[in-house]
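Chain naming follows the written order as A, B, C and D, and within any one chain the residues start at number 1.
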Amino acid sequence: MTARFRGLIAAWVAAAAFLVVAMGQARAAAPVNVALIFPLSGPNASVGEQSVNGAKLAAEEINQAGGIKSLGGAQLKLIVADSTNNPQGSVTTTERILAQHQLSAVCGMGISPLTVAAMPAMVRHHVPLVTNSIAEELITPSNGGYVFQVGAHARQFGEQQVRFLRYLNTQYRMNLTKAGVLYINNPYGLATRKGIEHVTKAAGLEVVFDSAYPGNITDASPLVARIQRSGAQVLFAASYVSDAQLILTALRGADSHILVIGAGGGYIWPPIGQALGKRVNGLLGVAMWNFNSMNVTRNRHLVEVTRRYARLYGTFMPEQAGTGYAGMFVIAAALERAASADPAKVRDALAKVDIDRGGATIMQPGRVAFGPNGGNKYIEPVVVQWQGGVPHTIFPETLATAHLHKP
Amino acid sequence: MVFLLQSLINGLLIGGVYALVAMGLNLMFGVMKLVNFAHGEFLMAGMYAAVLLAGLGVPAGFWGLYWVALPGAFLMGGLGCAVYLLLLRRAAAFGEAAQILLTVGLSLGMQGAAQVLAGSDFRLVPNPINGAALRLGGVTVQIGPLVAFAVALAVTAAMAWLLGRSWFGRAARAVAEDIALAQALGVDARRVFLMTAALAAGLAGLAGALIIPYHYTFPNVGQSFVIVAFLAIVIAGLGNVLGAVLGGLLLGMVQSVTASYLDLDLSTAAIYVLFLAVLLLRPQGLFTRRARTV
Amino acid sequence: MMLLKALAVWVLALALGFFAGSGYLVQMATATAILALWGQSWNLFSGLSGNISLGHSAFVATAVYITLVLFVRWGVPPLWGGFCGVGAAVALAALIGAATLRLHGPYFSLATLAAAAVVLALILHYPDLTGGASGVALAFTHNAALSLEFTDGRVYYAIAVTLLFATTLLVRWVRQSRLGYYIAAIKSSEQTAAAAGVHVARVKVAAFCLSAGLTAVGSVVYVFYLGFADPNYLAGLTLSIEIALVAFLGGADFLLGPLVGAIFFELIDTGANALVGASGGWDMMVLGFAVVAAVMIEPRGLCAMAVRGWEALRCAFGYGGKTLAPV
Amino acid sequence: METHTAGTLLEVTELRTGYLGVEVLHGIELVVRPGETVCVLGANGAGKTTLLHAIMCRQPAWSGNIRLRGVELGGAPPFAPAHLGLSYVPEGRGVLASLTVRENLELGAYPPRARARLNDNLERVLALFPPLKPRLGEPAANLSGGQQQMLVIGRALMAAPELILLDEPSLGLSPAVTGQVYSALAQLKSSGQAILLVEQNVSMALKLGDRAYVMEQGRIVVSGGRERVLADPRLRNAYLGL
């Protein structure tokens, strides 16, 4: 009797234990949804694709390493969506993804107008956005702290460019005093110019040429003719890759020896290297991320990541892919800290994270935390120079992996 | 003075490309009465065709990349035939509105298809022409645009012969003016349409092959060129194929001179303003003598 | 009777929106309603008169930017600023309309296209006033009817649907009014219409202004619903073409054409985006070729396709009906 | 020039056609023999132009036959009649105004069968219409109304046609010019050219024609030789619309 009773209890306990374990397993298996919303069609599709590639690489790595540990090893599930190339499409896509999936966070956009348009929806759903777009307009009180910029502000780009120039003048005695500013007439270009304007005076530069140009030009020779005529010794340029290529080619054709310092965008993208071949060497640009910065190269794991990217996608890991990769790790860190998939809690965690280990350290200078306005507190844009067909970081000296090749 | 000369030459050279694109556009409008909003995508497809052919191999030497020009143009001519036979043949009977809708849809679809087939990457085959230039006095002439310009002139001469002297040309002009009358004279209008579509697409293909040495190829590239081509054909006079060449050259120069002397950002606005002025003051176009009834 | 039915549909649409909550569906429905409203406004001039405008985004942008500049720079409440915006759009339409009176066919289309491009260039060229290429972001934290600020998306939906219904009824009324007959007469032949005593110039400009005004009304609501004004989109060619596209797609000869076209367009657009958007380019391709297919199947639009299908069905079941007159 | 085979050149039987579902021609019977000049007379709206359009395949036949030397034309594409030897002179000035006079004439020889003899035919046409000769290089739009009509007839002859169809060649011309046109037609006739002439100007037409058909509301009401038709009271009725 008792033996039977005992047996029954044992069976019951075993069953209960099994159930608990099974449930635990089930809970551990419940994935955390993170959406990647990027422009995947239209003229900015390639920006979006690179970002998605980087983010996917990060998510794979996180999942293989056992997922989010504080959530019992929950795996990250990525939902990739096309924000299209106009604000209406961005809003529609964002609303759809928010309605269809229980999201913990969104990593996305890359292009400023798309991000600005999608923000109200994110705020309404209390889902945080980790973005690699650079517009300052994002940081508004009404965004309620739901946006986190993992990369730099466009303004920081501009400031870094001028700081670099001062460095050239003192370190290399290049004696550059006359600057030209050429920027695409869009939010990225405008913001960059603002940054340059801010600091040119402090650097004792005379701006002899300052002009916006409409994007998607068919011919850069008029721009180049004007730049040459202005007598500028250094050109700060903000353009996308197609325009950048035309501008550089036309400058070369005109036998111009002006020092070009690009502001991210087209001047540091893989295609420009492919297009110009050997001639790309020596070209300077400011980047919010570069795969050849000290914080990456001194970390064996991150070096392996950049190599893997190159193997998978046939080019060195570009700026947007790096920030996409970092964004995903930032989200993972926040999930880890929040120990919850609740997006509001993830947001609060994002505001508090201060990461100096793991994949997120791929961002310069190797540490990520967000200030009260959602900007990356530590971010330091780097100046890169194409050497041997790839961009090397040459400034600031703390992150540099190569010396400047004097043009 | 040198600066003015330089900006005029810059405009002239880019105008050559506009001219090639505009010629095909205007040929299609003149003969088929079709405003082809997908013409920029013909150019885009032509660029991809050229890049694809270049992938088969490029002979060494400075001019090696240009071998793709003729095969590329013929490939695109084939595409033009296909588009005509599949879509435009039936669309000839549609109203203007439905034709616009059709070509706009085609334009979107082709951009999407290009991205699906070729990816969104910016492609440029490394080549010695990119960035090479002649320097004459203080003036710089880039080789790539110069070749495109020279070919545009040669093509213009060939088109002048084709339209003015050949049986096809006479037939095409007859169809353009009065299709029923042309058919009564024995002209097979559908064949003329087919050849027109092939020729227009072929010209776009040729233009594509001529600009790949120095311009990126990507799915939306056609849009930047085709708008100017549209303005050029109206400025020249719709249907006036040889006028379109002058229109393209003129717009190239206006764009260049305004960009050189005024604000860069206003160079686009300037050509639109010129366009509106021509439209309102001389709607038949600058280079068309007789007012056309459209 | 017609009015009663319309009222019933309107109430039903509002109720549906109200119970659908504040999320994605309402958001999409609002976008569709405004697109339909634009299409309907466009159709009033271009569909009815046969002069195809490819520059309606000029009116969208003008109305939006006048309203926003008044609001952001001088604190004029958008409800009042909106009237100024609409007025400005109508004035612009009068200018463009009067200037392009003599133009027909593609000349008119390309002239309107160029006009919109000039508007865009102006907006971009005066960034101190307009915010330039960065656009204007509007952020709402509270409800304020005077500022058209509502935190609940359903309010915008209700406004959009109401405006759409009002516009549709207005278009219906115009079609049956003298103005409508005049426009129809102009479509078949301007010379004949003039000979019959129609003041062609006045009718064309009036219809164009009316069309622009209605477009502008929708635009003001739209920008507050979206919360962000991006000049490259609002004054861009894409939007102009989209507006014309939905009207054609539905069928320019049908009162409900723009509505049907807008629903079709949004469904394909968002559907393709949802299903294949993640793999780059597919959504654009699907949308483009869907439009091509729709035109090839029935160039007079989806409504004509539906009528044809309905007639075929009736004939199949032995109820012969009148067929569409061949065009 | 033409081989005068026996039998008919053009034969139209039981032809019915119309527009938008409304029948306009109610069973037309018409025959043209080689070398013959045949007139089709009738008031405005009797269906004369529609008949020519049907023969030229511009207007599809609903039923009936159109045969040229026994070859069926019904259902052929609109460019086919020209290749088979029919030349058409449309109502009004059918010149291609943006082309030069020479190009207009050359286009007349577009069908392959005519191209080989382009120069001979050009000489022949210029001999027939001397006023065209000094203006060969000018745009056709510059010609006067009479010269345009000559150009159009000349263009039709450039194809060395088996049969030439003329739609109201006297319409809108001054009496003097009409006289010139008709004397040219007479010359053609005497050279053995078969002509099908649609005309409202009965007296001019019947001076030239061997035979005539009178149409009224889409039907042939009278047919026969010149004198017989002239004498028939139904001719008057047809014109007065009684």
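The criterion applied here is as follows: contacts are C-beta pairs under 8 Å (C-beta built on N, C-alpha and C of every residue); 3 or more make two chains touch, one makes a residue touch a chain.
Everything numeric here is computed off the predicted structure, so don't read it as measured data.
Set against the Cα centre of chain B, the chain with the most distant centre is D.
Of all chains displayed, B has the C-alpha centre closest to the centre of the whole protein C-alpha set.
One inter-chain figure worth recording: chain A and chain C are separated by 37 Å, centre to centre, where each centre is the mean of the chain's CA atoms.
A straight line joining the Cα centres of chain B and chain D is 42 Å long.
Each chain gets a centre from the mean of its Cα atoms; for chain C and chain D, those two points are 52 Å apart.
Shared interface positions of chain C, i.e. residues touching 2 or more other chains, are given as 124, 279-284. Chain contacts: chain D has no residue touching two or more partner chains.
Annotation for chain A: residues 40-42, 45, 49, 185, 212, 214 touch two or more other chains. Residues 47, 50, 52, 54, 99-100, 102-107, 109-111, 113-115, 117-118, 121-122, 124-125, 237, 241, 244-245, 248-249, 252, 279-292, 294-296, 299-300, 327 of chain C are the ones that touch chain B when the two sit in their complex. Considering their complex, residues 167, 170-171, 173-174, 176-178, 180-189, 290 of chain B touch chain D. Considering their complex, residues 22-25, 27-28, 31, 124, 127, 132-135, 137, 139-141, 151, 226-228, 230, 232-233, 238, 269-270, 273-274, 277-284 of chain C touch chain A.
On the side of chain B, the complex with chain C involves touching residues 29, 35, 87, 90-91, 94-98, 100-102, 104-116, 119-120, 219, 227, 230-231, 234, 238, 263, 265-266, 268-269, 272-273, 275-276, 279-280, 283, 294. Looking at the complex, you find that chain B touches chain A at residues 3, 6-7, 10-11, 13-14, 17-18, 112, 115, 119-124, 126, 130-133, 135, 140, 142-143, 145, 214-216, 218-221, 223-225, 228, 252, 255-257, 259-260, 263-265, 267-268.
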